[in-house]
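For clarity, chains are labelled A, B and C in written order, and residue numbers in each chain start from 1.
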Amino acid sequence: MTQLILEQAMNGLQFGLMLFLLAAGLTLVFGIMDMINLAHGSLYMVGAYLAAAAAAASGSFVVGALAAVAGTALVGALLEVAVLRRLYARDHLAQVLATFALILVANEAVRMLWGDQPMQLNAPEALAGPVEIGGFAYPAYRLLIIAVGAVVALALYVVVTKTRVGMWVRAGASNREMTEALGVNVKRLFTLVFAFGAGLCALAGAMLGPLLAVQVGMGESILILAFVVIVIGGIGSIRGALVGSLLVGVVDTLGRALLPWLLREFLPAEVASNLGPALAAILIYLLMAAILFWKPAGLFPARG
Amino acid sequence: MSGGLLDVAGVGRHFGGVHALSDVSLRVTEGEVHALIGPNGAGKTTLIHQISGAQTPDAGTIRFAGEDVTRLSMHTRVTRGIARSWQVTNVFARFSALDNVALAVQGRRRDWGGSFRFWVPADAERAIVDEAAAWLAEVGLAGREAAIAGSLAHGEQRQLELALALATKPRLLLLDEPMAGMGPEESERVVGLIEHLGRKVTLLLVEHDMDAVFRLADRVSVLVGGRLIFTGLPDEVRAHPEVKKAYLGEELV
Amino acid sequence: MAASEKSALYRQSARRRALAVVALLVLAALPPLLQALGQDFYVSFAARILIFALAATSLNFIVGFGGMVAFGHAAFFGAGAYAVAILAERGVVSAFVAWPAAAALAGLLSLAVGAVSLRTRGVYFIMITLAFAQMIYYLFVSLQAWGGDDGLPLMARSSFGPLDLGDDAAFYWVALACLAGALFLLDRVAHARFGRVLQAIRENESRMEALGYPVAAYKLACFVIGGTLAGLAGALIANHGLLASPNLLHWTQSGTLLVMVIVGGVGALYGGFAGALTLLLLEEILAGFTVHWHMALGLLLLVVVFRAPRGVAAWLHGLFSRRGAK
């Protein structure tokens, strides 16, 4: 039993760290420009497809992942300059409409390039098996995801909270005019931030590719989770995004594994097997609603 | 405890590190015109916010007509009888002057489910329209009913602001610098209006213009750096050394 | 002067009323017209447009009139559909029972969702309404008793007194009546005391609080009116396709409804109608040209964002009045 819980907790951690890669870019974009970008999930999809294509062409997972990060960052930068930049001054409704349109375009573009069928992306051979840690076996590839996620999360946290660029970004998030008055070119800074966020999306897409299906529509389901994360954490806050990601990752994973089992202890088997999955699926949304009920601006409000 | 109409006791409020109000106690008795003076940034507007319910204090209590209203929402306090005006004009800029006041009248009336009326066209409700016109006349805006509020002259907007507050029929009216930004003639007219109002309703008046304060106020409180340093009759305030030093210094010496 | 203004206003509203009646008559004449042209299929398609128009109109009341950007309207739309299907499964097939029940369920749901969500504002409101819609989506999808991923089918359309809704034209007329009734109702509400209050809240919320209005209660009432009407639209859509599908509850459905509202014109009485008409017609036409019609639709929507920011209706209006002025 404890082993199951431990393993699921590790899975939760792994999922949470990947969510953080998605949420980090989203929360900065949201925080700095007050911009709702529904197409953020599309960048994740594009990243996964690029990784799968590049890995298939080169025969190397690592090459695939690196190519995906670079390629998606470029796509992100182009997207920002061509479309999104014009939306910052518009209201949320216009942003929703435009980025919803971008989802349609991105999905169809991927379908035109790679077809309707899901793509295969395999984890590196060397990491296919399990490894022994603390007396139980855990898939080596998942361990790699945790390691990569933790390193990137740490690096990002340090960059945003400790460096000059990070200071600009945080300053831009809480007061754009002031930052501009300091002589920072917010326009360029933001294109960079956006490209960076797109690269992180691609990294998550490439890492999760071997575990989940690489297919059209993969961006939409995870997009909502990323939004849940940043809203829980407080929009614009990197720290909030990190806490929110881990919270959502662990609660979701543990909930799905343990809730049906827990319910069986208290309820008749039939009811439990019906209710368990339903309850597990809505757990994070309950969590989010509860947090917003008590803290209407998230756990770490970036402004005021 | 026999109190005044308004009893503010030990109220504190800070914004981050800024202590805008510290341990402020103030009593306004029924029927008086009570002026609140103090230099810029003293916390006068912040105190008005706490009393009206726009903000909730960190410490202390606010009692109105014997009831503790510290935690009540702004709209509940309005129905209890506290109305306010804003230092910066705050009206419905895209509504006509008449519709502005009609909203205030409609908000007060509780007949027929009040404003949860879904069917009858609002323009056709004579009682509300007539009363709104009467309030406009009261503040000197007769003939301006159809004008869009945002296009009124600054002074007229200040008058409209007063009409909005009055139409809620308050027992206590909080006026935050009602003459702010007005020319001398307009000010004179509004001072006259407040003098007239002061006979009907209890007033807590924030004002920088000392001539107006000494002409209108029954009592004066002085707020400096978030602390209430003195409350007394206008003549006492004039004479009080600490007040002179803290506030009136430059003007009277 | 005031008197002449008043009568001008009346003349204007009389003209509007006349226009609405004409439009209604034209729409009512559509089924026999299509049948005469041998295009029977399009009667059903037209009914679908009307139903989405009702759903989008109900959302527009919340977004455009109430000033609340809600991103979870599919929850109420879908809940209405499921209510009809679940009742039908239990043998309750009368439209006069099932449809009001669907609307009532959606209304109750929106009451609960709105009561919690209205504590937040702006982006947080968008997201919390989305979260609730997701909860409702997963709740329906996870429960095998309600069909899980496949949805819950209906054996036949609801019974509607002497009218046979299995006939597409009859169903179309009922849908038209529902839409027209909703538009009439919302128009009345918008001009009554309640509507004036909502308008003023949108303009200056804190000032309304300071006039003694419990602003949250008014917004909640607006939210519930919109949610209830969405439930009715849901009842219709379940009847239309003979299925309560989880797709109706999915967040992309909320997105589509919102897109219809924005495309048609936020806050315009006929905005929802215009949006549903534009979007569904575009889909139909584009799909006739290319399998990659999603791409074309996406690009067209981008054009709308940048060229017609106030919606298609307003854009056309501007185009024509500029022509006329020349």
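Criterion: contacts are C-beta pairs under 8 Å (C-beta built on N, C-alpha and C of every residue); 3 or more make two chains touch, one makes a residue touch a chain.
Note that the structure is predicted; figures quoted are calculated from it, not measured.
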Inquiry  = From the C-alpha centres, identify the chain that is farthest from subunit A.
reply    = B
Message = Suppose every chain is reduced to the average of its Cα atoms; which one is closest to the average of all protein Cα atoms?
response = C
Key: subunit A and subunit C: spacing of chain centres that average the CA atoms, whole Å   = 32
Inquiry  = How many angstrom lie between the centres of subunit A and subunit B, each centre taken as the mean Cα position?
reply    = 50
Query = If you average the Cα atoms of subunit B and of subunit C to get two centres, how far apart are those centres in Å?
reply = 43
Task = Can you check the complex and tell me which residues of subunit C touch subunit A?
result = 63, 69, 71, 116, 119-124, 126-128, 130-132, 134-135, 138-139, 141-145, 251-252, 255, 258-259, 261-263, 266, 292, 294-295, 297-302, 304-306, 309
Message = Show me the residue ranges of subunit B that touch subunit C in the complex, using the header's touch definition.
response = 52, 54, 73-76, 78-79, 83-84, 90-95, 99, 102-104, 106-108, 114-123, 125, 145-146, 164, 168
Query = Can you name the residues of subunit A that touch subunit C in the complex?
reply = 30, 34, 36, 38, 83, 86-87, 90, 92-94, 96-98, 100-105, 107-109, 111-112, 220, 224, 227-228, 231, 235, 274, 277-278, 281-282, 285-286, 288-289, 292-293, 296-298
Residues of subunit C touching subunit B in the complex = 1-2, 5, 188-189, 191-197, 200, 203-204, 206-215, 218, 221
